[in-house]
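Two complexes are shown next, each including subunit A; its partner changes from subunit B in the first to subunit C in the second.
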Partner chain A sequence: MTLKVEDLRVYYRTLKGDVKALDGVTFSLADGEIMGLAGESGSGKSTLGKSLIRLDGRMRHIGGSAELDGKDLPVGDTHAMNPFRFHEVSLIPQYAMSAMNPTRKIGRMVDELLRSRGVAPMRQELERRVGLVGLSADVLDRYPIELSGGMKQRMVMVISTLLNPSLLIADEVTSALDVSSQKAVAKTLLEFRDRDLVKSMIVVTHDISLVYQIADTIMVMYAGKLAEKATADVIVSAPRHPYTQALISSLPEVGVRYEERRLQGIPGRPPSLLDPPKGCRFRSRCPLAFERCAEEPPFAEVAPGHSVACWKAV
Partner chain B sequence: MRRYFGRKLLIYGLTFFAAVTINWLIPRLMPGDPVASMVSRANLAQPEAVAAMQAYYTGLFGLDLPAWQQYLNFWGALLRGDLGISIWLFPTPVADVITRAVPYTLGLLVPAILLSWWAGNRFGAFAARRRLLDNTVLPVGYILTATPYMWLAILLAWGLGIVAGVFPVAGGYSYAMRPNLSWEFVGSLALHWFLPFLSLFLVAFGGWAIGMRNMIIYELEADYSSYLSALGAPQRLIRRYAFRNAVLPQITGLALQLGVLVAGALVTEVVFSYPGLGSLILKAIQNQDFFLLQGVFLFIVIGVLVANFVIDIVYVLVDPRTRAGMGAEA
Partner chain C sequence: MLRLDRVSKTFRTGSFGGRELHAVREVGFEVAQGEVVSLIGESGSGKTTLGRMILRLAAVSEGSITLDGVDIARQKDYYRSVQGVFQDPFSSYNPIFKADRVLEMIRQRFFPSMGAADWRARVESSLAAVRLDPGGVLGKYPHQLSGGQLQRLLIARALLLDIRMLVADEIISMLDASTRIDVLNLLGELKGRGLGILFITHDLSLGNYVSEKTVVLRSGRVVEMGRTELVFGNPLHPYTRNLLGSVPRLHRRWSEEEDAPEEEATCFYHGAAGRDATWPGLVEAEPGHFVGCATSGTCAPALELVR
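Take a look at the complex of A and B:
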């Protein structure tokens, strides 16, 4: 088991009080698993991704633990976390277009980064990896502005995985790309895993149809809590949680004309995380809600490898 | 690359032409007649002598010609390197008067500009995101930049010169000396140089420190900084990158400040009676000395243009993004 997360809670400190963006999340990730992490904006998926590598200034670790390859991951301690970063846990950020220092040639920047982490520069390996994502080695002698968006994205992917991390967090990596580049990026992620450059991966996304193509499992989050986790096929074809069902049915299908039948969204809006309601957080929007939903449903396994947090599914 | 600099040179050429034209025009728009004041200095009693002298000087300076003719003659003389003869210090050539004053101004300005830029940037970068320093540097910096040069100069002259008596408050060197190459004279120069230098340095220093602090904070929030932190890079590396990127706008700022500092030097020189170009401008205006005023302005224009051109080159060297803007040849 690569990653084990136990009741992780991360809140944002604001003037109005704590925003409970991540409120008790427990799951595990197997060796070689690519897990898609889906949910709408504000569901806590990015917070979960970030909290496994670096909490930003407003984020506070409230409780819970994470374990990577049998070692405790000090997610709440910025300083103690440092040895793990890049070596064990790495990140492909949402902002890959601007992730590289604009005034350094890329190769030199990577050398300086490696040296600062106590790793000898490895030009040859770097060139091999750059070739692997379909870039020519001379991008290393260029400045980031001389690369296109897709090229920058691939370059950042190479940098992030250079030290063969055990866990890679890809945060909305395809959001800023056009459809053809999205496909290429998704394939590259798959290839990283298949070539053993990365042991396991969390792909944070709001695009279920894209992550479905590469992920082994998909975990759906809603309002700071887990809703459902299962293999990608099960999530798409036989979801058990009403939220997942609504999410999947609001995706457009190929071959269906939407002229007569408008695409259905999910009515209502997610609850405020400043003061979330007790019980199931999807209750107010859920077509199946009944009295028991006032109690919080456990995230329970309903079938092998399939966990759901819903009273109706148990 | 060649096209880029060709275009830049053309722009500088046009600026030079326009600035020099304005320099020629401005003294002539001043009220008063330089020849009349020169003649009145001679204290002549007979009206014929006055008339003769007036005619002689007017012809000598070419002031009897129509304005367009004067203007063309001015450019002709300028291209031959002839700046004319000073009215105030008649008959010393303007070039000589300026050459005597330039070392004082440059000796004051160049160290003040460069040192304040260097020290202000270093200090601002160091103070950014360090709470204690930030809380003290920021207000002090704002007070310093907001201080007018001459007011700070007067305060310094009063505090360190008159009350403490450590530094002399006027002149480029002791009035009891003649310029010569002795340690004593050099010491006197340094002592007289210190207060004007300090006033220029302090005001500029505050501005640079504040600018740099804000720029560094902006850069530390930039995406590349977060990415490096996420990959566990030490603060030292991140701050080094941030400094290098934050210094770029400061280089532009330096170019812009040069023009302002020349004016700042003017009041500072006046306060400390420092024998540089600033004092010359004042004297030239008081004496309606067209030619001296033109000469000094010309010198300032050339100085600002050259400094800007140097900065353009430096910018191309340090920022790859400007190079990309120059096209494929870069």
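Take a look at the complex of A and C:
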């Protein structure tokens, strides 16, 4: 087991009160597992990713724990997390590409980054890995602006996995790319796992048909909680949670036109995380809701490797 | 309504601007009233640069962009009619302003005489249109919003104005499938009321869903364009076919496909023709469907092929 997360709760402090963005999630990640993480916008996916790396100033670790390769991850303690970050867990944040320092050549930027982490430059290995993702070594002598989005994104992946972390969290790394670059980037992720450069991965994305291509499992979040986790095939073909079902059936088939047939999103809005309702958080939008849903459903295993938080599924 | 005529953009790069980068080359198309034009192409193909020129955020190097026949550079109050929402919401939004302030700035600039209650109602209806809860976003700084919330806030801001033309650059990339549909249906409704939209997207199914016309860009050049159902239904350029072939599908994994050799992504015209001379422009392969060549060259053989 690479990663074990137990009842993790992380809130954001705001003037209006705590935003309960991650409100008790429990799951684990096997060695070699690539897990896609999907869900409603604002449901806490990036918060989960950030929690395993670094809590920013306003984030508070309310409870729960995480364990990486059998060692306790000190999630609440920014300082104690230092030795893990980048060495053991690495995160590629949403829009990392545009955050690359534009005034430094890429090779130099990497050297500086390594030095700041107390690691000696490793040009040879860097060049080897650049080759691995299909780029030529001379990109290291170029500025970020001279690379296309797809090239930059692959470069970001090389950098963040240079020290062979156990866990890589990729937060929407393909969302700004065209379909053919998406394919190249997704295949690179797979390659990294297959070559043991990283042990397991969490790939946050809204492009479910893309992550379906490379993920072993898919986990779905809704309003700060887990809705469902299962193998990619089960999530896509036989999901049990009503939210997952609605999400999957929102994916348009190629060829539907607005003028001919209206696609339908899920009616309603997710609840506010400042003061989330008791019971199942999907209740106000759920077509199957019944009395029992006023009580919170547990995230329970309904079949081996398939967990669902819904009273209709247990 | 909005018309681009042989628009080019050249950046000077390298030390002392010694190198030229042709980001957009001789691009021409029109976005009519009530029409959605989707713009697709690989990253770096010049989509954002085109959008920035339309929004006067970058100067046109050559060619012209006109709105109702008048050069956009000479239009007064241009931003009352034309607005954009850009890729990477985190950098296109001033980090020191809270959401309410960002929206309030629109009021001060464009609706100075509107009363507080009317303004409030307007803000709430545009937030509702993108399925945002006012209480959940208004008091927050941009870094306190999720990627998709920020993206939707920027759409809501553009909708506060009664614009005629919207440049939408990857505005749904950070939204889940269901919210994407809501936003697209909203765009569909707006086009029904006469809004023209340039819709830049990587989600080809949704581009197909909402647009009347599709323009495929590669290396700054239009390689194919025309009525969406023709471009998607009968793609002629190998680049367009590669792009459509890369669309990931549910229930069908890449590894299960008999790895069809990728079609040579360079222009098929050039197998036969030389690499020099001038760009031949686009050929009308069937009514409303144009196909061209990605690089410069004489393409007589290509014209044969298309016919």
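Going forward, the second predicted complex is superposed on the first by the 306 of 314 C-alpha atoms of A that agree within 3 Å, B and C clash if a C-alpha of one lies under 4 Å from a C-alpha of the other, contacts with A are read in each partner's own complex, and residues count from 1 in each chain.
We take it that a contact is a pair of C-beta atoms (placed from the backbone, for glycine too) under 8 Å apart; a residue touches a chain by one contact, two chains touch by 3 or more.
Keep in mind the model is a prediction, meaning the values are calculated, not measured.
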{"item": "Which superposed partner A:Gln213 touches (first subunit B, second subunit C, both, neither)", "value": "second"}
{"item": "Touching partner for A:Met100 - first (subunit B), second (subunit C), both, neither", "value": "first"}
{"item": "Partner chain(s) touched by A:Leu251 [first = subunit B, second = subunit C, both, neither]", "value": "second"}
{"item": "Subunit B versus subunit C as contact partner of A:Arg269, first or second or both or neither", "value": "second"}
{"item": "Touching partner for A:Lys16 - first (subunit B), second (subunit C), both, neither", "value": "second"}
{"item": "Partner chain in contact with A:Glu146 - subunit B first, subunit C second, else both or neither", "value": "both"}
{"item": "Between subunit B and subunit C, more extensive residue contact with subunit A", "value": "C"}
{"item": "Touched partner set for A:Glu112, first subunit B, second subunit C, both or neither", "value": "first"}
{"item": "Overlap of the subunit B and subunit C footprints on subunit A, listed as residue numbers", "value": "95, 98, 145-146"}
{"item": "In the complex with subunit B, residue positions of subunit A that touch it", "value": "53-54, 56, 81-87, 90-91, 93, 95, 98-105, 112-113, 116-117, 143, 145-146, 156, 159-160"}
{"item": "List of subunit B residues in touch with subunit A within their complex", "value": "222-224, 226-234, 236-237, 241, 244-245, 248, 318-321, 324"}
{"item": "Subunit C - residues contacting subunit A, complex", "value": "13, 40-45, 87-88, 90-91, 131-133, 135-136, 139-140, 144-149, 152, 170, 173-182, 184-185, 188, 202-206, 208-210, 228-229, 232, 242-243, 246-251, 253-254"}
{"item": "Of all residues in subunit A, those that touch subunit C in their complex", "value": "12, 14-16, 38-42, 46, 58, 94-95, 98, 145-146, 148-150, 172, 175-183, 187, 206-210, 212-213, 236-237, 246-248, 250-258, 262-266, 269, 272-274"}
